[in-house]
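Pasting the structures here.
Next come two complexes built around chain A: one with chain B, the other with chain C.
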Partner chain A sequence: MTDVKKLVEVINLKKYFPIAGGLFQRTKRAVKAVDGISFDIYEGETLGMVGESGCGKSTAGRAILQLHKPTSGQVLYKGRDLTQLSSAELRAQRPDMQMIFQDPYATLNPRHSVRKIVGEPLVINGKMKKGSLELKDRVAELLELVGMNPAYMKRFPHEFSGGQRQRIGIARVLSLNPKFIVCDEPISALDVSIQAQVVNLMQDLQEQFGMAYLFIAHDLSMVKHISHRIVVMYLGKIMEMTDRNTLFDDPLHPYTQSLNSAVPIPNPEIEITRTRFILEGDPPSPANPPSGCVFHTRCPLVTEECITVEPQFREITPGHFVACHLANTTGGSKIFIPDSKKEPS
Partner chain B sequence: MADKDTKSHQTIDSLLDTEKTFKDRLAYFGRFLWRDRGGVIGLTVFLIVVFAAVFAPLITNQSPFDQNLRSSKLPPAWKEEGTWEHPFGTDSLGKDVFSRVIYGTRVSLMVGLFGVLIASILGLLIGAIAGYAGGRLDAAIMGGVNLILSLPYLLFVVFIATVLGRSLLNVILIFGITDAPIFARVTRGEVLRIRESGYVESAISAGARWPTIIFDHIIPNLLGPLITLATFEMSAMIFYEAGLGFLGLSVPPNEYPTWGNMLAAGRKYMTSYPWMASFPGLAIMFTSLGMNLLGDWLRDVLDPRMRRSRK
Partner chain C sequence: MSIILQVKDLVTKFYTLDGVVNAVNGVSFELNEGETLAIVGESGSGKSVTMMSLLGLIPMPPGKIESGSASFNSEEGLCDLLQLSPEEMRDIRGGQIGFVFQDPISTLNPILTIGEQISETLIRHKGLSKEQAREQTIKLLSQVGIPDPELRYKAYPFQFSGGMRQRVVIAIAIACTPKIIIADEPTTALDVTVQAQIIELFKELRDALGVAVIWITHDLGVVAGIAERVLVMYGGRPVEIAQVMDIYKDPKHPYTLGLLRALPSLEAKESKRLKSIKGTPPDLLIPFKHCPFASRCDYAFDRCWEEIPPLISVGEQHQAACFFDLEEGGPRHD
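Right, the complex of A and B next:
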């Protein structure tokens, strides 16, 4: 990945939500939704982001696009720090960075026709005139691009299924030719059969236009399918980051191993004989995260050091980052000894 | 060849989406209206009331104020002693009930229309500010609004009516001000909901400025519920105006004939001369019913989600 240019650099990004309480609405504590994450996104790549519900994936995506103002940290887009831009400068930058939303039922204005929805970003950014023939042609072209009949443009969002709505949302996002798209669980609200269609559409579009995706999801197999590299988040922090194959074949963080273990294998013989490690309990509250390593309350390999000292997010092998004290090249953080079907004692 | 091409594009969907002519649209609108009989009735009643208010002097040549004690307490025209000169009979002072009912629509409509206009503008402003600003300002405004809503409505209205005195303008102002909190509450709730909605976030991420968000997203989604509320409140105001008139706190009877005043005057004669109170009572009932049906129908018409899915 050295010859490819960095498009987005996220440096120690934090987003805390204050919890107001008491009679005078004083800020007492904060929910640490995103607590110091750093990673790069290269041009034309798909970076997958996985984690349990509530681990801060969506907040991270919104904070990167400045839809939530980050508490601290930097987001560099082509070297420009987005967190320092004025609102006018930020608006000028927005067409380059778009977002595909999770809920295709809520993100399309029910009173606007498809034509208006898809054309709106162009009108907002002054690229085309409202009601012009040029705009109509562009909308038709975009609808065709996402595999929809251009005649649908007179219809309203409620007349479409979830998958079709998500396509409309994608057409809207594409209208500005973005370089970087945050996909916030774009398929989790869809049927499985439709999920594949939408993901394939997104891959085709990437091949065609070369934009970078930050693909947020909690479905590991789908992330594996679409991503080049994958980030694993837990409780607002990054646990592990590496390329897709390494993450699934040689995961170093115990949390990643447990996630892998939860993915079903479509081969019943292997599925029956393999040893699985399923996490117990729920993740702790991000308003009151554990000391040391945030994962220590559920980690089977927990040591004294894990409880007191927060592990550094470090590069074990080139391109493979892990935040675990036990991780090293000899497999000290492995829950299961490789090539052994036996449970550890 | 080209012919073949266009034909292959004529799927079922594209047939549905062919350009509609004005005639098609009219026919579609007619069918839509016909499917909702309640709406037709409501619209008809509303139009009749408006017509009666505007063209009152053409409908009846009797003056609503002329007293004639020699022809007092005449029964309606279809009774034995009735005459077609006074179709609904006359009251205890010989005033023509029919013309009073017709002229009474003017006060009712004016109170309803202008009362709702004042209430909705006030409520929209207050509610929108509270919903958009949020925080302490929101808490303060909504505290005041809830305080007003918690007062016994009638007591409040009677108090203001007594202090301000009796005139049409005062009645309109009273209803405009006392009804504003309801509009404020609805507006605030809708603004809060829309402001946090996915499509507003989507517009922001596309680079929209606040005028786009307010005029393209918030207001169109706010208008439906508010127009519906306005029709219901209008019917309620017509109702309450009659109540105030009955209590003798509405418009003075020598200035305008009103249904409430007629009810109050006819109440004493209810057992022996029932027509004096029945006709204004029926007028109030039909107007209210019509407005409520109209409101129901408008709510559906204004929502694109209901246009095709309605049975």
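Right, the complex of A and C next:
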């Protein structure tokens, strides 16, 4: 990728949800769902986002698209700060930025035909007239694009399988030619054989139309497969960000290392001989995050500094960002010797 | 090695308003003492219904076990699990056969402390006194890695995280030193880091207790790390059974091969396009007259559309239900 342009810039974005407190509670408490994240998304790129459930991935996706009003921070889209737009300005910007959800069923109106579901955004945005031949042709074209028979136009969501519904959802999102799509666990509810179909479709569409994806998932191997770069989140913060291969070959944050180590590999030879580091306990609550580094309560390398001082999210080598006091280029933050550095057998 | 459970030709159907759901269509397998058998397949392939049939947990109606046998080598000698009275089944379930389901909430009683629930199992199945049961429960809690077991004895399920609850369910499953543990997607609802903890715990306990395990999952990564043998299901039938290494290195059924190819590789430097399996899983409302996988199979030929392939031996301890020989690249000769 030479001369790539920034499409989205997320700058110190925060989203806190107030916790309904007692009547006489003086200090307002909040769930710090997203707590100061920064990254760029380039045109035509797929940025993967991983982390355990509750770490703020969905909230981040929604706050970027302004579906949640951010508590603070900026989101620049082609240089324009979305957080400062009026609702009319935002509405005009919407077609460019879309979202695909985990459960397509929840987002498809069960009483609407596929034709209506896929064509609706075009009508709402005044691009085409309801009932027009032009609209019908465009819906047929979109269905073909996502690998569905245009004859299915007359059918209803319940007549389709999960994978087909996800295709319908994607066709609807594509109708407005978006430049940026937040994909929130789009394949998590699908079976293995169907996951591959949908992932291939998304990659084909990206190749054809050049849109950028923020691809949220908890399946690390699929995220690695589809992403160019990956951010790892923990308790509302970014722990590490780098390109897909470096994240797996040379992860610097102890949290990333333990996530990698926990991923089951579909190869019994590797699984049986593998040395693993297994994290203890569960992630703490984002309503009451630990002091210093939020990961310090589970980190095997924890030091005095980690408990009191929050580490900066800093660039260790070009393009490789880590929020860890111990991270350096000489293995200061490595939990164990990776398999690749073991004695060759 | 002796066989502890032998399932033969299990057929379970559901009679619903939409029609008859052919959920399990002739499942046969055996489980050896102390071994871990994984059952894999996509959602709706009949994995849970198979296990629920064995545990006497099929709701009837609409469900009905149409035929089959499941001979269990119990402490009292051989018995057919499918022929037991509800009382006899209740004694075996949670006693000699422990179980762990995906959602621990469905197994745990929300209004009893977890200590009471484990004690109850021990009193019921092992005839321990209240005091003995309490002592044993605290041992079990510490065995499954729950910190401060004396304190946690008095806690309620809602006070535990998902991973901790699953540990409690595992404690109940092993409480009566079972001969078999049936685990139905026990880690599917958990995050990868917690999943890794639970799998590690399971392996430790299995090795310490020498218990046989049936581990149901759709995750071929998890299978690779835990199973000795693997049964692959499709459309309510076993399509392949083999030792774990053979399933991954030398799959004989096109469906198994397709599942493995559809997975991304963590090791690959360049991400190659995934090989998806075309089409969608079969409609179980329509009884099969041909291979259930034929419409999605790249190798299907005339015969696959004419009859249902039986499970046949294709190698040492290796069976597959397919008329096509992947190695020869042509129809199998019998």
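We adopt the following convention: the second predicted complex is superposed on the first by the 328 of 345 C-alpha atoms of A that agree within 3 Å, B and C clash if a C-alpha of one lies under 4 Å from a C-alpha of the other, contacts with A are read in each partner's own complex, and residues count from 1 in each chain.
Just so we're on the same page, a contact is a pair of C-beta atoms (placed from the backbone, for glycine too) under 8 Å apart; a residue touches a chain by one contact, two chains touch by 3 or more.
Here the structure is a predicted model, which means the values were calculated and not measured.
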Assess the superposed three-chain arrangement around chain A: do chain B and chain C clash, or do they fit? fit
Who contacts more of chain A, chain B or chain C? C
Touching partner for A:Phe101 - first (chain B), second (chain C), both, neither: first
Where does A:Glu120 make contact in the superposed view: on chain B (first), on chain C (second), on both, or on neither? first
So, does A:Lys69 touch the first partner chain B, the second partner chain C, both, or neither? neither
First (chain B), second (chain C), both or neither: which does A:Lys5 touch? neither
With both complexes superposed on chain A, which partner does A:Arg155 reach: first (chain B), second (chain C), both or neither? first
Looking at the overlay, does A:Asn267 come into contact with chain B only (first), chain C only (second), both, or neither? second
Name the contact category of A:His218: first (chain B only), second (chain C only), both, or neither. second
Given the touch rule stated above, what does A:Arg111 touch, chain B (first), chain C (second), both, or neither? first
Distance of closest approach, chain C and chain B, by C-alpha atoms in Å: 5
Spell out the residues on chain C that touch chain A in their complex, using ranges where they run on. 42-43, 161-164, 191-197, 199-200, 218-225, 244-245, 248, 258-260, 262-266, 269, 271, 273-278, 280-281
How about chain B: which of its residues touch chain A in the complex? 11, 13-14, 17, 135-136, 197-199, 201-209, 212, 216-217, 220-221, 303-305, 308-309
Partner chain C, residues of chain A touching it in the complex: 52-53, 161, 163-164, 191-197, 199-200, 203, 218, 220-222, 224-226, 244-245, 248, 258-259, 261-272, 276, 278-280, 282
Touch list for chain A against partner chain B, complex: 25, 65, 67, 91-92, 94-95, 98-99, 101, 103, 106-112, 120-121, 124-125, 149, 151-152, 154-156, 158-159, 169, 172, 176
